[in-house]
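Have a look at these structures, which come just after this line.
One chain, chain A, appears in both complexes that follow, with chain B as partner in the first and chain C in the second.
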Partner chain A sequence: MRRYLVRKLIIYILTFFVAATIDWILPRLVSGNPISILLSKMSLQPGTYNATYKLYMNAFGFNRPWWKQYLTFWTALFHGNLGISIYQFPKPVTSVIADYVLFTLALLIPAILLAYFAGNRVGAMAARRKLLDNSVLPVSYLLTATAYPWLALLLAFLFAAGGIGHFFPISGGFSYGLLPSWNWTFIWSLVTHWFLPFLTLFLVAFGGWAIGMRNLIIYELESDYTHYLEALGAPTRLVRRYAYRNAVLPQLTGLALSLGMVVGGAVVTEVTFAYPGLGYLVFQAVGNNDYFLLQGIFLFIIAGVLIANFVIDIVYVIVDPRTRVGISGA
Partner chain B sequence: MGLTVDHLQVCYRTLRGDVKAVDDVTFSIEDREIMGLAGESGCGKSTLGNSLVRMDVRMRQLGGHVELDGKELPISDSRAMRDFRFKEISIVPQYAMSALNPTRRVGRMVAELLKARGFDYKSALPELERRVKLVGLDADILKRYPIELSGGMKQRVVMVISTLLNPSLLIADEITSALDVSTQRAVGEMLLEFRDRNFVKTTMVITHDLSILAQVADTILVMYAGKLAEKAKADVVINNPLHPYTQLLISSLPDVGIRHDEHTLVGIPGRPPPLLNPPVGCRFRDRCPFAFDRCTDEPPFVEVKPGHSVACWLHADGALPSGGV
Partner chain C sequence: MTVLKTDEAAEKAGAPDAAVSAGSGKPRRFEFLYFALRNKKLLLGLSVVVLFVLFAVFGPLFVQHPMLNYYIPFRPPSSSFWFGTNYFGQDVFSEFVSGLRESLLVGLLGGCGATVIGMTLGFVSGYKGGLIDEALNVLCNIFLTMPVLVLLILVAGFLHHTSGLIEGILIACTTWTWSMRAIRAQTFSLVSRDFVGLARLSGEKSRQIIMREIAPNMSSYLLLVFILSFGGAILTAASLDYLGLGPTNGMSLGIMMQQASDWNSLQLHLWWWFVPPGAAITCIVGGLYLANVGLDEVFNPKLREL
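And then the complex of A and B:
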């Protein structure tokens, strides 16, 4: 068991190293220069541009050889320093991310978890009820095949822009007229702004879980151990409990991957609703050639996916005895 | 009392029509009798066995009825059957290797099953452990997961579970097919032991392997293409079979001491007829070396000697006046 975990841990550390390296390379392959974008936002005197450009190139270290930049990246990373943001110059990347990360977590974690539980339940119910199956299945296929921005626009049109009514605000994380503070007006503003992006993410994910669970349950109910239980007169309740418990195992992996992606935010949905989460921030970082911010967010995503996978590896050992045998055999 | 099956007809519903896998089958098994049900793949023997326990959604009972210990078995009513299963009638399925829930410890699965059926696991545990030891396993296998057991161990565990409530009828479906020869012999001895200790009253052993029947069976019933071909005491079927199909089946078995590079092992040429639209008359006549004019009519399954019934025109004229079984 310990050997298994240590080996897994080494694999995850190696993966992190490779992924972080790719994360460092990718923004630098994009054409354009972050410094010129930064300077274009400053109203500089005509004669001072070249001098300022040189100064900033020096300060950010872009004029040093690439391997030196790469080493600096790792040294800084171990000191918890992700660099200075260009998009929100001169704020450090860590504090920019801190401003946005709570919105993303509050949006995605409930959406993912609720969709997971509701989708699994409904899918399992549909698996052996013809009438329910005939309605749940097509609706689920429709939902899961829907593009996030399209559903987001549809919901915004129907519930925010007056298609059916003006129940919800159309964009932002809270009303511009409010200052963040712990009073009911502000919290209510947060909730109303949160609802439509949440609903978008929930509905699309719900369809996927429901279809997956339906198929898994049908597979389990046709398996040999189910037939044996039935041949021994086990009541439907017990048969379905076993089927559900076994069918949920592959779904757990999917849940772990979704939760790992949480820190990346939901780019298109957040952009559509101008919701100030990490996804929205990625979009801004790309637009501003903000190497450091982009690097920082991607590092979060990499760490999130790896940690979620590691956790699910451990959970699997607990819930599925077959993995345990694999460990001692491997 | 035993089991009485009377003119039972079971078919599979398919898009092209009904496939009659069990066609007008009549037989009975006495108390303490072990009956072997033999035949080649697709002859309907497993369908017959399964239909007595649990019909799946494709199966339909077209006619006939089944009695166990004088009580009618509602085999086509899955809900009503639930009460009989496990207590009165039980099965060791063909797929015993994969019959246990992979994510439950064996003991816990049995506990949950017993509880769901209204029995108390705690009070059944000593007997369960005793029987587990009886079949040569350690009592702590109940604390293990199915994946930690070998194929032969799973087979024995399933046999113990299936017979735990001392059913009147045990259906053992191809229980030796996936085992090596020495384990096959041990499983055969278990069947006899279970009968001798009254764990089961009557047993039906479904197999294509006549050698296991020679070891355990009191009587043998041979099926061909959904119909009964021959039924008699085990030694009579093996040593003096009357039906040409049984004769060919027995003669195609390898004999001890014969070198088969000198005497080629012969099979039965041809293949069984399709059961979707079976031909009229004797179903074996296309492959039968003795077929003659009369075989275009269906031969009746009649008793030709005491305790020996056969469905063949070669022997029909010698039928005993009582007829049938």
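And then the complex of A and C:
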């Protein structure tokens, strides 16, 4: 178990290292560095331009040798310093991120967990049951094949813009007329704004889990231990319970692997509903050429995904006794 | 997500019948065809995909109103404007046709690229084993945990100008991990077979063994991997385009949705502007996934009885 977790941890640290390096290298690799783009907006005279360019290059340390820049980058990172945001100048990137992160977490955690549990339950029920299978399976396939932006637009149109009705607000994290405070009006406003983005993320993920669980249960019901149990005359419910517990393991691995995709879906969904989470912030950062913010959010999201991965690893160790005694290092 | 499912499904069901089909020629192939023509999932999925591909190829012949001509805006679908007109008075149908072509091409490029990279690394990793496998596997895991779309946003955010070609390559470079994972696992199970050992004894080079002995024996599997990569690439490209980070000039299904969203098609109830592109993506990708399940049943006898 120790070996398993340590191995995972090393991979996560490596991943963070690679991600940070990509983060650092990209602006230096691309022709037309961020500073020339920033300055091009100021429409300066050539002489002034060159002087300002030099000043900025000095100020940001772009004229130092690359390895020195790289070391400075890591030192700053360890001090929790991600730079200053241009879009919300002069706020530091970390405090801009802090303003938005709660919305994203409130969206992602329920969507991921509920879709996982509901999808697995429904998929397990559908396996080997003709009637349910014929309805759940096609719907699930359609849901996984749906592009996030389309589902978000469709839900917004039908339930918020008046396609069917105006049940939910179409954009924002809470009503613009309210000040954040802990009273019921505000909380209700939060909930109604939260629901449609949540539903988008939930539905797409739900389809994938249902299909996966259905297939896995069918395989489990083919296995020797199932036949043995059946031969002993065990009730179907008991057999299915064993099948479910075995099928959950690969699904748990799948949960870790799906995180990256859900995060991508959250970006698109938050943009559609102008929901003030990190995805929306990333979009704003790109639109406003705010490179420090863009880099900061990227690192922040990677760190979040890695932490979530590690939590799932720990859950895996708890759920699968084999990893505890070291029989299989999944 | 679905890539992974097949991967595990295959592991659970044992390797596909690959090794069995080696050596025998025609009868097996006819058998595949026999099962293929009787598999409803495969037929339905494939016909949907083929329909859209044909539409993308011959669609321009039906376009009556060129994309850059402007007519009366906000027109709902009618006999002269099949998909209506948008906020600016452009024909949505003509946008749809050129968007479909672009999206399919980018998807094809991204899917092919991801499969080729995944195949190369997967074969080398699975065949060589040892330290090389360890290193490649770590690389794969690193890119597997990274959120692809966020990485692509970062890259595209710094690029400023992208074309469909660059977008396809970027998608291939970030999504190869799924195919590598699947192919590596399959290669592992084939490497220990006798016929690979025999080829080694007879002094064939590693590359020849991979190309002649291993790859042909999992060709069915490679096809499945490609289909899923293709579908995944279409979805990724749609999200990227929707965020305004796709091809700078040109039209795609994602860009259509972006413009529809930017120009208040929701509030103005111009549903004919954003429903067709998204529906087309869902149909194509759904068709691909369905065909994938069908093909899996055709190639893998263990699944046929189900």
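What we mean here is this: the second predicted complex is superposed on the first by the 260 of 330 C-alpha atoms of A that agree within 3 Å, B and C clash if a C-alpha of one lies under 4 Å from a C-alpha of the other, contacts with A are read in each partner's own complex, and residues count from 1 in each chain.
As a working rule, a contact is a pair of C-beta atoms (placed from the backbone, for glycine too) under 8 Å apart; a residue touches a chain by one contact, two chains touch by 3 or more.
Since the structure is predicted, the reported quantities are computational estimates derived from the model, not experimental observations.
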item	value
Fit-or-clash call for chain B and chain C when the two complexes are aligned on chain A	fit
Inter-centroid angle chain B-chain A-chain C after superposition on A [Cα, multiple of 10°]	60
Chain B or chain C, by number of chain A residues touched	C
Touched partner set for A:35, first chain B, second chain C, both or neither	neither
Touched partner set for A:231, first chain B, second chain C, both or neither	first
Contacts of A:108 with chain B and chain C, given as first, second, both or neither	neither
A:259 touches, of chain B and chain C: first, second, both or neither?	second
Which superposed partner A:319 touches (first chain B, second chain C, both, neither)	first
Partner chain in contact with A:145 - chain B first, chain C second, else both or neither	second
Touching partner for A:122 - first (chain B), second (chain C), both, neither	neither
Shortest span in Å between Cα atoms of chain B and of chain C, once chain A is used as the common reference	9
Residues of chain A defined as touching chain B within the complex	223-225, 227-235, 237-238, 242, 245-246, 249, 319-322, 325
Chain A contact footprint on chain B (complex, rising order)	53-54, 56, 81-87, 90-91, 93, 95, 98-105, 112-113, 116-117, 145, 147-148, 158, 161-162
Contact footprint of chain A on chain C as seen in their complex	1-2, 4-5, 8-9, 12-13, 138, 141-142, 144-151, 153-160, 231, 235-236, 238-239, 242-245, 254, 257-258, 260-261, 266-267, 269, 271, 274-275, 277-279, 281-283, 285-286, 288-290, 306
Touch list for chain A against partner chain C, complex	11-12, 14-15, 18-19, 22-23, 26-27, 29-30, 32, 37, 141-142, 144-151, 153-154, 156-157, 160-163, 170, 205, 208, 211-212, 215-216, 218-219, 250, 253-254, 256-261, 263-265, 267-268, 271-272, 282-283, 285-287, 291, 294-295, 297-298, 301-302, 305-306, 309
